[in-house]
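Input: structures, listed below.
Presented sequentially are two complexes of chain A, the first with chain B as partner and the second with chain C.
So, the complex of A and B:
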């Protein structure tokens, strides 16, 4: 009898081990720089993680939040000890830590968001907003009455400068007399700073707002004064349904699903990632224009944008609303028949920065320091 | 033009200063009784979360503030128990409370981010004026009543107060819990008035600035009013002045003020310094 029991147990354990082996899961670990409750950058990555978990069969995910930028490595160690085979690090400051870990763990796959260093087992990825900011700028230029548009910026780094630049190019494309007034808060997430910066801009006569900060603060402050704004990163239209005109939305899951599916399929290995760089924009569906998903222009503002007419070189005379939709279609087209950073572009000092007919490369966009014409205010490291 | 500048700055000083003032006033009473509570940030964020959750569920932001006060008081009770009854290191216990509060509010707040609040309180509301009135009342109580004398004596010379029949532990408990109630309400101000919504870490270090203001104010409730308003004004101006002054330099302005203020108050007159027994546990019958 005892033997029988033992045999039964052995068979049971054995079969479990076999089924366990048959359904071997892919574990992916995520290192977040902020709390997943920030309703901004980290929140958006976490939404992407959850969707990827549903869409990639056999995928299991782990995550660590609020990791200080200098301390990526110990947390990567921890995730790998827990069985993670793919590690995503989601902040620029994790770049060197991720690269060091990629060297120490040649059998694991790494992907780093928003950076530029790669290795055979380390890719880079980014869903960038500059095209979306250009579309928002077109709308802002049409809506300002004081000809002063405001921008609350997080840090004066190339990424944010690129976004403000694209936004300002959009504003000027429909309203050459408008200026874009910039205030820096030196934080990614600091509602009180975003709030007082917005108040300072309002005091100076700004009447339309865009921003880079991970909370709906700017939207809320502007709405209280009855002023329109563009939401950032998360669907913030609900915080001010009558005042959010449009905004920028991200779909990190597009990148996560694509990347992890290719890992599962064996297309991505620990040896062939040296040149894998996702720079995904409107055409890839990684970003979207709107204050809420599926709403590129708030119905509350549509008629106001239809009432403003502009003349363009390539599309003739049309309303700003139609211009936004045309440009959106051109940039969503896989052939990308329009890009805001197409020369000739001069910076605000008058220097030619993009020659006629040329489009800025990803490398140039990633290191962009110049200020576009119309930008008013401090611009640290301006060439 | 100039009047507009002054008016704008004054309004922003009041808005930014309100939570600082409430939190600082509470901390002044706790410290006057001899207990330093570094957990202000933790109590504030708990207040912010509960105020939002209650205001959102009930539709009544004032009720949210009330609950925020209760939650702040309850979390301060924890600090009082550790530092008064168990005589633990007050600095360690306070820091633990700050981290505990931030962590707990973060966990409880999951899923509450991204929800707009329909009924909110105006930014410059009764809370602002009440804060100033409260400062006057607390100043009067502290310097001109027997209760104030009792509180100050437990902070300056607990053994002497004990000898005179003062229940040191009870006074300290009450002062710490009172401080927690005010910190909770200060936190609630963020989520139902200043920026009506919930986001993890939304108090953004205000609790630490409040503690600095307590020191700058020389533990005096009336001077805390000026400290809070001055910080609020400088904070606003640090963005307003960016057109003319480098933003990197302006960033330091409100904080540099704090350091200068600390240095200035180190040359203070007798009786204006920190309470003698601040941070020291007291046990009856011990020297």
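So, the complex of A and C:
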């Protein structure tokens, strides 16, 4: 009996010491859906976590990788036991689990990536690529000789459809005869399927590639045939320096640093997050165009893009390289003087989906199912 | 037969219970030792690692029920696999049968116009039927065309997996999920009640326990159970005894696959409340259940314990990931080590060490088996060699 009491006292003292120490620092816990070594989504979030840890003073972080969707809640329990006061969950599938945990832990702060459900102590956030894909599309349209551009898609969900849509709008803006051929692989990370899809597209005559898959496979397979491609999510230029033209890069740390600094400063509390929704794009610096940081267009392809001339309504006649740089500047401008999803836009069936003069709202972008003109291939749930 | 001084190693036709237990526990202990070396290599003292794991699973009021929750699908699949393995049918397809059950449950909950109290029973019935149906095809292929069931049941898993993918991306895709690949949330009547303060859907747990008890009774006390046992131990003898191998295997396999289907219903109705990506519905429970059944050594009741044990391993992996910040593959490595040592130790069960003093030169032939009668007079080669 004495032993039992002693043990209980020890455990109590021990746990007090742990929570006592945690109050000095801000501990944030990150729940990832994939492995941090995936070279895509989760890797990028983890890079953001590491940078935030350096930039926000007094911040300490914990993470868990490859968390199954139904396990969000038990893992949140464990992170909070470890002293985490802010929890980031980084996949759509964690939405309901995060919301349930936010209700159970009213004194902790939660933030959920890519979802739409919020609470007084739960915010949402997303860094989206659609503007970057449009810029990539401009370059792809200028570079294709066969007028067939390829896209290896992960899943036919609105996010990917929006990206392919913006990409196709870019392609068509410089090359009205070009088509975008889409292959779905139904995986976020599956190099074997990405390889197969790329080879099938090559056999169809495609000669420029973009994709959504968390490995550099498409880049490597295309480079082996001497074909240009656009890197996805992580800096993949190094995998094929002569064949990666540009790509999409993310800076989750911009959101993490902003959010956590505001928590530290007392601006974000457990009561005022109901309407906090980050939808960060080029203007906020949350995304970047390029196959490597600081390299929007690979030097190997710059002259080729300068050689192609196009005429635009608002900017007149200029090279595709200059067009990309102008559009980039317009979208990086805090006033965002250009957006690819500005009407009039018709879908590939000819139906007017964005009226003239209107820009698509965040809500519309998040539920977008239609296919832009020029897209060829199956499009599940096409309206 | 081999001599080591006064000891002799020979075949053991029927290892005793305590020896099986000792060897199994020894294998698990070896796996823990090997994993300990791994922790040490990772820079975490094994003693600290195991105490953290213990405190984070069984020693924690909120985490302990999670062990139970993970054990539920393992129990249902595992008990089912015990049945199939007893009939010498190597069902590797519990994963696919689980998914088939999950699909049926979601289908009933979403589309069948049933009064609320009937929804859950109908889901379980449909799930059992769907699982059994998924197991039926490889069973028929084996019985009629002698197709190897290890391959066919395994392949059926992939068909189930892609079928679920197709459903959630296509015809069953939900209206309320912003285009993400899920069905709509099931109506509340289809949600299983939880033990208060936990996420344990006790209805499925009760079903699993009842099934374990029922199948133990069936194997030990009924004609069908006797037939399954004889068929499993010696198919030729069973044919001479007039046992219909087709019917017996079919029944054992339908129970096996149906039980896995029930596990799928539990996951959908108790946890997810919708159909979603197959690797999220089941965290490889159908495959881990093979270890459950193997450890249980043919006893449905033992499967209750082994399922809890595997549930503990799954939960331990979660603790290792969070508290020790180890890579996510650590659970797989843990499972792999246990299976490796268990299968490796199997050899120890088929042989025994006996003390046989070197006989005097004139009395050569007689060597009485001192411990037991069983197998003493059977020549080495014709013993029941394949006993499990």
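The rule we apply is simple: the second predicted complex is superposed on the first by the 360 of 383 C-alpha atoms of A that agree within 3 Å, B and C clash if a C-alpha of one lies under 4 Å from a C-alpha of the other, contacts with A are read in each partner's own complex, and residues count from 1 in each chain.
Basically, a contact is a pair of C-beta atoms (placed from the backbone, for glycine too) under 8 Å apart; a residue touches a chain by one contact, two chains touch by 3 or more.
No experiment lies behind these values; they were computed from the predicted model shown.
Q: With the two structures overlaid on chain A, would chain B and chain C clash, or do they fit side by side?
A: With chain A as the common anchor, chain B and chain C collide in the superposed model.
Q: Looking at A:362 after the superposition, I want to know if it touches chain B, chain C, both of them or none. Which is it: first, second, both, neither?
A: neither
Q: Which partner does A:352 reach: the first (chain B), the second (chain C), both, or neither?
A: A:352 contacts neither chain B nor chain C.
Q: Output check: A:238 vs chain B and chain C. Expected answer is one of first, second, both, neither. What do you get?
A: Once the two structures are laid over each other on A, A:238 reaches chain B alone.
Q: Under the stated touch criterion, which partner chain does A:157 make contact with: chain B (first), chain C (second), both, or neither?
A: Once the two structures are laid over each other on A, A:157 reaches chain C alone.
Q: Looking at A:216, would you say it contacts chain B, chain C, both, or neither? Reply first, second, both or neither.
A: After superposition on chain A, A:216 lies in contact with chain B alone.
Q: Which of the two partners, first being chain B and second being chain C, lies in contact with A:55: first, second, both, or neither?
A: Once the two structures are laid over each other on A, A:55 reaches no partner at all.
Q: Taking the superposition as given, does A:329 touch the first partner, chain B, the second, chain C, both, or neither?
A: Touch status of A:329: no partner.
Q: Identify the partner contact of A:307: answer first if only chain B is touched, second if only chain C is, both if each is, neither if none is.
A: In the superposition, A:307 touches no partner, neither chain B nor chain C.
Q: Return first, second, both or neither, reflecting whether A:74 touches chain B, chain C, both chains, or no partner chain.
A: After superposing on A, A:74 lies in contact with chain C but is clear of chain B.
Q: Per the definitions at the top, what is the overlap between the chain A residues touching chain B and those touching chain C?
A: The overlap between the chain B and chain C interfaces on chain A comprises residues 35, 156, 186, 380.
Q: Inside the complex, what are the residues of chain A that reach chain B?
A: Residues of chain A touching chain B: 35-39, 43, 156, 183-186, 189-193, 195-197, 199-200, 203-204, 215-217, 220, 234-235, 238-240, 376-378, 380.
Q: What residues of chain C sit close enough to touch chain A in their complex?
A: 56, 60, 62-63, 66, 165, 169-170, 173, 178-182, 199, 271-272, 276-277, 279-280, 283, 318-319, 321-323, 325, 327-328
Q: Where on chain A does chain C make contact in their complex?
A: Of all residues in chain A, those touching chain C are 35, 62-66, 68-71, 73-75, 77-79, 81-82, 92-93, 116, 155-159, 161, 186, 366-369, 380-381.
Q: How about chain B: which of its residues touch chain A in the complex?
A: Going by the criterion above, the answer is residues 4-5, 8, 12, 16, 106, 109-110, 112-114, 116, 190, 194-197, 199-202, 204, 206, 235-236, 238-240, 242-243, 246-248, 251.
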